[in-house]
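Once you've had a glance at the structure underneath, I'll fire off some questions.
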């Protein structure tokens, strides 16, 4: 606890995933005063054809 | 804001995704009075073996 | 099946919720060719202090 | 109407998915007194590089 | 890991919540072969005016 | 476009929410190279009676 779910465009590298996990965990601990082992993070890769804004798919913009 | 997450069976065409994004955005704006650019939609394709109802996987029914 | 989760700012009226449920269901059926009874929708009311963009809470903007 | 979303490491067999759907549905009915047809379950397979705890990706631990 | 999110109608007793946590954890361990301490469950109470099926709010049916 | 959902125990102060929004946004931008305005964050407060680990509600541990 806390549990963090991140939806982001697919295509990120393993290094970016590592960096994101580290940054979000450390930032959460600084903000909430929890310990790193309490923080779980799940990353979900979303295709641009599966994400829309203002009625349009990002694969079409 | 609003953020809409749709879980649906995999296999929809790109045209269906476009239509769904357009319909959900326009419908949301009509109902809530928000503007299209405020509406974000994420579509998640679910395999039938990953969706169950009444204790049974849809891939088995 | 589809399952639709909507996160939106708190404060919407019951009429807006009715309209949103109707619009999203009908729009989904038009786009995907499914029947209304297959569509489930959950609305989640979010306080402005619990939604942030560009690093700022909406309650502060 | 309970809707259950399960995030789990990828790689489970179809038999494990069947067993999980059955167990979660029956357990929910016993605990809440609902009927099986009211229970929907979606399983999401997560790669170890997309799940982190204590700031580290499970693919790195 | 696994992480289980349950959306259910509001109004369940603390005993039902205890029973549900126990049932879902034990059932998951039987089905997937994981240990209880690996299983996290979050319960979300949904008002009937915030859940719709076939275009209608459950508070109206 | 990263969309971040955080589930955390209820009871955090407004200052903690501000700090968390700032930290997660800045950390995401450093890790993924996106801009702050692309990052949306929703915080969800969970009662201890609605979060379980190892089959037990946190309100009981």
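Read from first to last, the chains carry the letters A, B, C, D, E and F; within each, the first residue is number 1.
Here, contacts are C-beta pairs under 8 Å (C-beta built on N, C-alpha and C of every residue); 3 or more make two chains touch, one makes a residue touch a chain.
If you're wondering where the values come from, they're calculated on a predicted model, not measured in any experiment.
Asker: Counting in whole Å, what is the centre-to-centre distance of chain B and chain E, each centre being its mean C-alpha position?
Answerer: 22
Asker: Take the average of all CA coordinates in chain A, do the same for chain E, and state the distance between these two points in whole angstrom.
Answerer: Each chain reduced to its C-alpha mean, chain A and chain E end up 24 Å apart.
Asker: Among the residues of chain E, which ones contact at least 2 other chains?
Answerer: Residues 3, 7, 22, 24, 26, 40, 42, 51, 53 of chain E touch two or more partner chains.
Asker: Can you tell me, using the touch rule above, whether these chains form a line, ring, star, complete graph or other shape?
Answerer: It is other, because the touches fit no line, ring, star or complete pattern.
Asker: If I apply the definition of touch given earlier, which pairs of chains qualify?
Answerer: A-B, A-D, A-E, A-F, B-C, B-D, B-F, C-D, C-E, C-F, D-E, E-F
Asker: Under the touch definition given earlier, write down the residues of chain C that touch chain F in their complex.
Answerer: 7, 46, 49-57, 59-60
Asker: Quick check: in the complex, which residue numbers of chain E touch chain F?
Answerer: 14, 17-18, 21-22, 24-26, 36-37, 39-45
Asker: Provide the residue numbers of chain E that touch chain A in the complex, in ascending order.
Answerer: 3, 40, 42
Asker: Within the complex, which stretch of chain A touches chain F?
Answerer: 1-9, 12, 16, 19-20, 22-24, 26-28, 30-33, 51, 53, 58
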